[in-house]
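When the chains are written out, they are named A, B, C, D, E and F in that same order, and each has its own residue count from 1.
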Amino acid sequence: MLELGFEPLWQSTGLANFMWGQALMMGVGALLIYLAIVKKFEPLLLLPIGFGAILSNIPLAGIGGSEGLLGHIYHVGIETGVFPLLIFMGVGALTDFAALIAMPWTLLLGAAAQFGIFVTLIGALALNFIPGFDFTLADASAIAIIGGADGPTAIFLASKLAPDLLGAIAVAAYSYMALVPIIQPPIMRLLTTDAERRVEMQQLRHVSKLEKILFPFAVLLLCVIFLPSAAPLIGMLTFGNLLRESGVVERLSHAAQNEIINIVTIFLGLAVGSKLSADKFLTLDTLGILALGAFAFCIGTAAGVMMGKIMHRVTGGKVNPLIGAAGVSAVPMAARVVNKVGLETNHHNFLLMHAMGPNVAGVIGSAVAAGVLLALVGGQ
Amino acid sequence: MPIEDLLLSGINLMLIGMGIVFVFLFVLVLAMKGMSRLALAVTERQGVAETLSSHASVSGQGQTGMRGDLVAVISAAIKQYRSIHH
Amino acid sequence: MLELGFEPLWQSTGLANFMWGQALMMGVGALLIYLAIVKKFEPLLLLPIGFGAILSNIPLAGIGGSEGLLGHIYHVGIETGVFPLLIFMGVGALTDFAALIAMPWTLLLGAAAQFGIFVTLIGALALNFIPGFDFTLADASAIAIIGGADGPTAIFLASKLAPDLLGAIAVAAYSYMALVPIIQPPIMRLLTTDAERRVEMQQLRHVSKLEKILFPFAVLLLCVIFLPSAAPLIGMLTFGNLLRESGVVERLSHAAQNEIINIVTIFLGLAVGSKLSADKFLTLDTLGILALGAFAFCIGTAAGVMMGKIMHRVTGGKVNPLIGAAGVSAVPMAARVVNKVGLETNHHNFLLMHAMGPNVAGVIGSAVAAGVLLALVGGQ
Amino acid sequence: MLELGFEPLWQSTGLANFMWGQALMMGVGALLIYLAIVKKFEPLLLLPIGFGAILSNIPLAGIGGSEGLLGHIYHVGIETGVFPLLIFMGVGALTDFAALIAMPWTLLLGAAAQFGIFVTLIGALALNFIPGFDFTLADASAIAIIGGADGPTAIFLASKLAPDLLGAIAVAAYSYMALVPIIQPPIMRLLTTDAERRVEMQQLRHVSKLEKILFPFAVLLLCVIFLPSAAPLIGMLTFGNLLRESGVVERLSHAAQNEIINIVTIFLGLAVGSKLSADKFLTLDTLGILALGAFAFCIGTAAGVMMGKIMHRVTGGKVNPLIGAAGVSAVPMAARVVNKVGLETNHHNFLLMHAMGPNVAGVIGSAVAAGVLLALVGGQ
Amino acid sequence: MPIEDLLLSGINLMLIGMGIVFVFLFVLVLAMKGMSRLALAVTERQGVAETLSSHASVSGQGQTGMRGDLVAVISAAIKQYRSIHH
Amino acid sequence: MPIEDLLLSGINLMLIGMGIVFVFLFVLVLAMKGMSRLALAVTERQGVAETLSSHASVSGQGQTGMRGDLVAVISAAIKQYRSIHH
């Protein structure tokens, strides 16, 4: 017979089983939701992540546990790497690479901006000199990829190299992507002269349908030859883009751009949030990761702009160095920032389209960097 | 177990169950009244209201503030947590 | 060499392997489809459930077996509890809680209506006095939740407490939800005076966007504090509602309200139908469950109306007791019934909006009741 | 410390691990994509299949392996048979059987065209006389179903009877379906007289909503009685069609016709492509399968037309024998071909609607044939 | 097994297979003709036809009927089933 | 391993990593230039261009060609492959 009395009942309440860590993590989740709704910080990701953090920290419910809803989703979608790859397919289907195809050399800006990743990697290892930090090479690599300013890439790499840090890394990646309008402009102004920022760039040439169809194959081919470890990311990105550009599979392109990416985004966010547990997140590591993330964005931006200045020289002033800042990706925010800063000095200077080149190049660049880290560190 | 005991358990369940349902929803009534009052106050101060209604892309001002908040709050949380556990 | 002759062939026909039970269950499936198409009984659920019943009772095919399509779907979506929770997310994304926020006290009507659940629980246990019935406390709890008049909640609880009864419980829950227009009016008329039914309620106040955003957090917070066992249901309901009200994640809100809930509904229905097997469904238990389900709806309706009458007194006649009947949820059917009955006595009395308050309150109420049953009975 | 030097790096490049087979398979994948985009060969399937072939043949990446993305998708969706069945549900939801209901006897044309399947089965076994071929009865059955000219049926059967041949069979099935406009006309002209091709058929009678609703039940009922082994295919086909015709579940019908079939098509194509590995595909078997596939289409077409001629006689010239060619299914391509050939000889003779009858009958016919093969060969 | 036997099996399969395909689809022809006649009859009696066409929300009348049916039919089914098995 | 070694590994990673990133993207620049030139040439010859633009359903002509290609190419591939492996 069911035991009378309120004891078992009280034992089943949240209050009786409360722990500080969980309360604080719910606060963190609420903060992320606040940033998403009120400050428009990447709401598509930070809102589900924040809510996932709240749900998975509810005492007794075990929603984030192996038997819970979010645990199931994490196991199926993130441990396997399926979700970030499907998002990458959607990104490919949503991205028009015309600007990049018209200005192939802007790929070098996307390359330079990845400098932020590798400097951050060293920074993360250097943190080990501070007592309390003990990042392995794998941890440092996963943290460094924040500098790629590309959410799915960061989640994909972190899930392979440092699952324990996944929550903090994803939160840092998306938070700083949302902060691009704050982080980049000062650096851009600091490193460029008024004259350089004033440069107007010539209009982009027309890109043919055939070029757009061949482009994904060119990217994939190089990936196959040089860096198979980047193939899952590059492969799904180019597949999505081919669905878009082929023009013969409208139904599938539409599904990749809408149903699939929307559904996966909800589940990805909730599952990432379920990794925001007190014992994993409320650590010194997280502070280090937040600091390193900001650092990574700054270095990446600076490196992109410097490469922009070099191109400015080489091309005899045809290139506006500002567009180098878009090389960190953070599509399309970084490109918009470039356009905004450009307009400050020259009210007739619209750099948006020119910035889209390095912007999407940055996506490929950080996927390549992720491939390198997987190949050299993942094996260890 | 014998049906009588089952029934007793059932009655027990009913008492506890309806009790919780009522307590839960009654407290929720209070919570909602408080919430509405809060919302009204906030809305009057326009603070959040504007941000909410403004569909303009994030204003730098607001965000520098925010970013401070973000790091600040999380740091605070971590300090407090660690102070408890270590 | 493949054996000649028709023997193996005959052995592979349905006729040679036919069993009465399967034939009858296909009849039940066909009946459910008939009710769905011709009588418009909750067609979104009863049509897939009915078809699932037919498919899973086909001899030899084993479609409902562990290796069959429906078996796979059941294993992935219902054993894990994922499907009902995703439907709850969709319900949250589809529901506007404004009416409830404007009249918080109508929550008490939603509370009272849950009385039907617990009385039915006792009724189910009492049935054990009749030879042939042997319901455990878990069985009785799963059956009682039919009184919650909320499909996903019933399926979620039944899948945890009494998987064997899942089929019958789901069928009863949805059938009686469709029968609300028949079951409720007589009870409502019986328990209320003409004067009470005549009461016109004042128009609802405006509800601000901020209130709508804070509401899900208020509900979730109480759930966390008092009843973590209800967190999966309440959590996904509030998450879906936040996607809707936040206004910053249109894509995700749209996916939750359409793609996800539609896809999951198809699979949920088929999987539930696969539990309609002769040995599980063609039992005395099923008759008991059907009887108890009707009983539960009646008691719930009566309790809601009685609470409505109390409020009528307390508020000095401002409340029309009829809206209490909507507390059983069965959204939005019950609210429509209230409106219909109200119009019978007063042709200018539109109670629909006022009935929506207790109606959605009933959803929360039965989720809370489910949480209590999970906490106190699930553990046993 | 991470070993210095480029050796490990070189070891991680594609070049260092390259194998001829993989390169050739990427070429095959590229060819399929070329056919899909430039020649419009069933692009919805051949484009994802081709890309899946490329991805799964990238050295080191292991995308098609048990831990890779495509490996996961194959395991979840094709080994279980879930994907082809969901596509069949979509086909049912997209198909209007009115033409067939108006001319039930055209089912016999759909029956006759399945002759191609069984002749091909014998052909496959006969190939064993040629050294290098060693097809089992199961292999031969899986190959023969190509003659069904129905993609999901072929994939479903091959995944059960001959997983190793799945890639080649799927490629052959979809390639020849795309080649129907080339393969069929000569055979149709050869077997029919000018007079026969000239026959104009009377307009189709109106089909009531009720008939359309009863039709799926009639088909399913026979399947249950005579051929349970075909129940998964026929069951999902009729379920999808009922969603369409019932008229009470618009949401679900829309989901089956769009979201579900589009999403599944992407995954199905990629997963099938992942079976295009050198050791499985670059074999004599594949050449045999390609040859047998063409053979199957020819025989099926001829058989359909011959049955058409018989009906022409029996009905005293009311039936145009050309519509028999549509019995191979390959919906709706084959019906269009019939229309085209009909117009050649009689510019006022529109046979499209009349050809839709045998066309959809062919879908049922090959599902029945698949059921027979599963029942008699699958058990072995 | 030897190719000859395989071929025999294949021929066997062809005979049985085409046989079933034709029987199946031929019976389906008859079933459909019956179905169409039934549908015509029903439609003429308007009974179902109306209900089908009527998009009005369920009429109490019809349903009280239905609900009786529901319980009645299922009860009947259960009685029959139990009578067979126990 | 000691932090110093970690740092050395990190520097090593940076050199190799940035090297690869630049090589990869630089080669991609060349590849894209080549691709664009190819595309231009092809487009001028109109060959593919037409097929691409033509939304008309497949032309028999093109396909008979294609189907030959299909079998031809795959046969060639298989021959080559087998010649290597057996």
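Note that contacts are C-beta pairs under 8 Å (C-beta built on N, C-alpha and C of every residue); 3 or more make two chains touch, one makes a residue touch a chain.
Since the structure is predicted, the reported quantities are computational estimates derived from the model, not experimental observations.
Peer 1: Provide the labels of all chains in contact with subunit D and in contact with subunit F.
Peer 2: Expected: A.
Peer 1: Quick check on subunit A against subunit D: do more than half of the interface residue numbers occur in both copies, making it same, or fewer, making it different?
Peer 2: different
Peer 1: Starting from the mean Cα coordinates of subunit B and subunit F, work out the distance between those two points in Å.
Peer 2: 54
Peer 1: Distance from the CA centroid of subunit A to that of subunit B, rounded to the nearest Å?
Peer 2: Whole-Å distance between the two chain centres: 29.
Peer 1: For subunit C and subunit D, what's the span in angstrom between their mean Cα positions?
Peer 2: 41
Peer 1: Spell out, as numbers or ranges, the residues of subunit C touching 2 or more other chains.
Peer 2: Residues 2, 9, 37, 40, 137, 213, 226-227, 247, 259, 376-377 of subunit C touch two or more partner chains.
Peer 1: Mind pulling the residue numbers of subunit E that touch at least two other chains?
Peer 2: Counting only residues that touch two or more other chains, subunit E contributes 6, 9, 13, 16, 20, 48, 52.
Peer 1: Please output the residues of subunit D touching subunit A within their complex, sorted ascending.
Peer 2: 2, 8-9, 12-15, 17, 26, 30, 33, 36-37, 40, 43-44, 47-48, 51, 54-55, 58-61, 63, 68-69, 72-73, 258-259, 262-263, 265-266, 270
Peer 1: Over in the complex, which subunit A residues touch subunit D? Could you list them?
Peer 2: Counting only subunit A, the residues touching subunit D are 80-82, 85, 137, 213, 217, 220, 223-229, 231-232, 235-236, 239, 242-243, 246-249, 251-252, 254-256, 259-260, 375-377, 379-380.
Peer 1: If we count contacts the way the header does, which residues on subunit A are in touch with subunit F in the complex?
Peer 2: Checking each residue of subunit A against subunit F gives 101, 104-105, 107-108, 110-111, 114-115, 117-119, 121-122, 125-126, 128-129, 137, 140-141, 208-211, 214-215, 218-219, 221-222, 226-227, 247, 361, 364-365, 368-369, 372-373, 376-377.
Peer 1: Which positions of subunit E touch subunit D when the two form their complex?
Peer 2: Residues in contact with subunit D: 3, 6-7, 9-11, 13-14, 16-18, 20-29, 31-33, 35-36, 38-40, 42-43, 48-49, 52-53.
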